[in-house]
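Following this line, the structures themselves.
Two complexes follow with chain A in common, the first pairing it with chain B and the second with chain C.
So, the complex of A and B:
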């Protein structure tokens, strides 16, 4: 009973939390017991290859799909049974939004805006103008990039406390992408909005994310601060003769043609690399975020 | 290129399932013609029925199969494959020899009129091709041609009675038709797809709606809106939407037939529907020129009530498909509605969803049913026929409810199965109602005990399947924490 209360209190404190989420499509596991929680005001970048399960994780965390097991909470409420209060504090932009194609951009914003108590009509109008989107054009007739921007306006105009973006920059040109990232950073910095966004564009993460979570084949492989990654993770190279001494714990492991071994390793609690790094011929290279992503994902 | 490969070329534009189905159907149809000919061997030379059957076969074959070559020719042009383009034309010429010239030659050898056979087969094939490859606003007129052959006899000689008179008008008309087809073919091959729906050939519209193979295309609807002319676009009425108006909110969010429209837009849509309805009446008026229109119309009352009965059932398919598309798109309305505050609690939303999606179509079906019963009463149809006619709306309402519930309840049923069930239902309605109407003498065939028993079993099977699906859907919907779950 006490444990349940403690869990309830702990999830109530965070805007978004997932516990042991598991899901599969047509027999193949997409999520394998994922735990994830977002601290208030944080900007978490969820990174992973195509098909890694990012969208599924986001949908399960928001209660848009029913996972096979595990639970998700939004502002402490079970994601599958969200109340109006929690919904009003949350905004989500799916990857390649397609909703309400028969409405014009203005009609869609008017329609959706009626439901949000803190809807910022002026922001919606000005941003449509700034992003050069014709308000009277049907959503079906907008390009994918324009449509994504209209949906971003829809999400931002509701002044959410939690903003969830699934690959928000996928259809945007570099200028629009930069503007979006600036807007996200502003929201997080000024209003303390908590942001979760998925991407496979590493430079976007470096620009705005305070933390990253790396999802690979349904597992959350690592979770840390963006600035921390360079310090905390490295590539350990062991010559063929020493490869037997490779540490058992590694985020990735690749054997080269000459028998040498490359591993992505993590410092321990005392900030030390694994013992194998001290072996003669062994070498630890610093890894940038992109290198780290590639090393693990390959 | 080998002849076999040339003959196989038009079939390459079809999905495997469609290819097999069409191939078998046409093989059976084609086989039926000589069988019929053999049965009537003695009177064969004087019987234009075989030529007529061959022309009808050509019409269907060219419309459904050979017209697909247009899609291939477009692809060949876009991919800069001139050789493939030439092969497509050769293949069509080969098919023209096989399906038009060869039958005409055989019929003349058997004593028939070669010129008439050639013209009639070429006209049949041309009409099929015109239906599929001319712009839709022209192609649709081909549907009225059977009426012309039935009713325009007094001023348009038909081959059965006046072969020479028939040749005098049909030969130049056929030639003009083929020239028209060639001209549009050329421009369709070269033009970009950026055409509005009415100007696109039906074959391309069908392909866009992905009727071939995948009936659940996500982009079809968006593509249709994109291609539609602005003035044809229904304009939504956003008044009385927002928290507290759940049904109306959902009708807006679901789009389609049930979407609330502004008064001017509603009037415009009604005008378009009335104008479309007026076209067949106009054609009937022309065909019955000089004859009393009303009495002719009432004489066709059997077909009218049959049409209304079938239409009220067919109406179920479009909203059911729309709903299916909505619940298959993870990035569209589902997440938006799932996270929209102020829609109401889960139970209320489920109730409202059913209302928003079922009521508009059910109301329309009820109106059609009243119209149908009104006509049936006006021409004094007996109670038995009226009950059979009611099977149309009843099937339509059950089908709509069942299909809506399986979408909302997350029941997985393949597109093919759903489509097959709908076709089974429509065939059953057609056969039962036609057998019930006094079209075949004084006694309706449906009243024969054996026929009635088979019909009863077939109907019971259909309703059992539909009710079982509805039950599964209802259970699924009730068990869902909220109705907008992504599959």
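So, the complex of A and C:
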């Protein structure tokens, strides 16, 4: 009995978790068995090419679509049957918000604010002004970028414990984007807000994410701390004459026209590169995250 | 010290926490940061640069473990007082290690023997 209680508590402590999620659209697999869990207070950046299934994964994790198989949990509750309490602790901003289009920005914020116990009216007012949204314009008449900005304000003003943002950067200019990142970073630090956000702008992710997950062809290819990823992986270049000595284990392998070889390699537990890195003419270069993704996603 | 004194390049291959420690080492070694000088809080640095506060904590923790910074009760982090006596030559030399490794690599790629490189370097150092 006690063990069961503990089990239940530990599951409830995980803000967001998915097990073995699969999904397909019109016969093509978008998710092929994804396991993912977020620790409280972590900021997870989800990255992947267009069409990699990022939005599908997010929607399945939040119970907004029924996956083909697998399960998802929000604060330990099955995502497909979320209670009102869990919903009030969660804020999600889709890529293209469509809800409540017949209200003005101000009306929408006033209306939804009543459902959230910790609604920050002052934040909503100030941010509308700073992000240059006309409060009295109908949501339906706003541009898609403005719509997403209003929705970001809605999500942040509710002071959620779990914040899920799908490509939030697309709608924002660089100044507003930096402001959003600052909000995300400080809320994670101050209130322990757990954040999941998908993006294709890798430098945003490098600023605020504590971890990254790389979704590629329906699989999570990489799930690692941002710092660890940068320290652990590198690009090994071998001249043509030495390319036969290439290590068998590599995240990616690319043969160049002159016969030389580029590989994405990993340090071992002692922090050493594969032996081939010591060969004459061989070279290991540090990789930024963007280069790493380009290398392994090709 | 002001948080704006740090430069953060999120897309560099070097993790942000290392960038911060490296800059603190230089600022202290170069005397721009004096012993006892207070550092901006983790929150200030994180807010100014829009970076994860945990990254800043990690950098401060590492700098503290290195003896570069010390935690003052109720005031936050400050440049370690004992530091003023001067770092040993060995410690200061260690700060140059990354650049020297890089230089050695370029020299090898250019198939330059050590001798002319060292001769030129000696000239540059002004001895």
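In the analysis below, the second predicted complex is superposed on the first by the 274 of 298 C-alpha atoms of A that agree within 3 Å, B and C clash if a C-alpha of one lies under 4 Å from a C-alpha of the other, contacts with A are read in each partner's own complex, and residues count from 1 in each chain.
Criterion: a residue touches a chain if its C-beta (ideal position, glycine included) is under 8 Å from a C-beta of that chain, and two chains touch if they have at least 3 such contacts.
If you're wondering where the values come from, they're calculated on a predicted model, not measured in any experiment.
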| item | value |
| --- | --- |
| Which of chain B and chain C A:64 touches, first, second, both or neither | first |
| Partner chain in contact with A:231 - chain B first, chain C second, else both or neither | second |
| Touching partner for A:203 - first (chain B), second (chain C), both, neither | second |
| Partner chain(s) touched by A:98 [first = chain B, second = chain C, both, neither] | first |
| First, second, both or neither for A:114, with chain B first and chain C second | first |
| Partner chain in contact with A:129 - chain B first, chain C second, else both or neither | neither |
| Partner, of chain C and chain B, that touches more residues belonging to chain A | B |
| First, second, both or neither for A:181, with chain B first and chain C second | second |
| Partner chain(s) touched by A:275 [first = chain B, second = chain C, both, neither] | neither |
| Shared chain A contacts, counted only where both chain B and chain C touch the same residue | none |
| List of chain C residues in touch with chain A within their complex | 8, 10-18, 42-43, 46-47, 49-55, 58, 105, 109 |
| Complex contacts: residues of chain A adjacent to chain B | 55, 59, 62-66, 80-82, 84-85, 87-88, 90-92, 94-103, 107, 110-112, 114-117, 138, 140-141 |
| Residues of chain B defined as touching chain A within the complex | 218, 221-222, 225-226, 233-234, 236, 238, 241-243, 252-253, 255, 259, 329-336, 338-343, 346, 480-482, 484-487 |
| Complex contacts: residues of chain A adjacent to chain C | 43, 178-179, 181-182, 185-186, 188-190, 202-204, 206-210, 226-227, 230-231, 283, 285-291 |
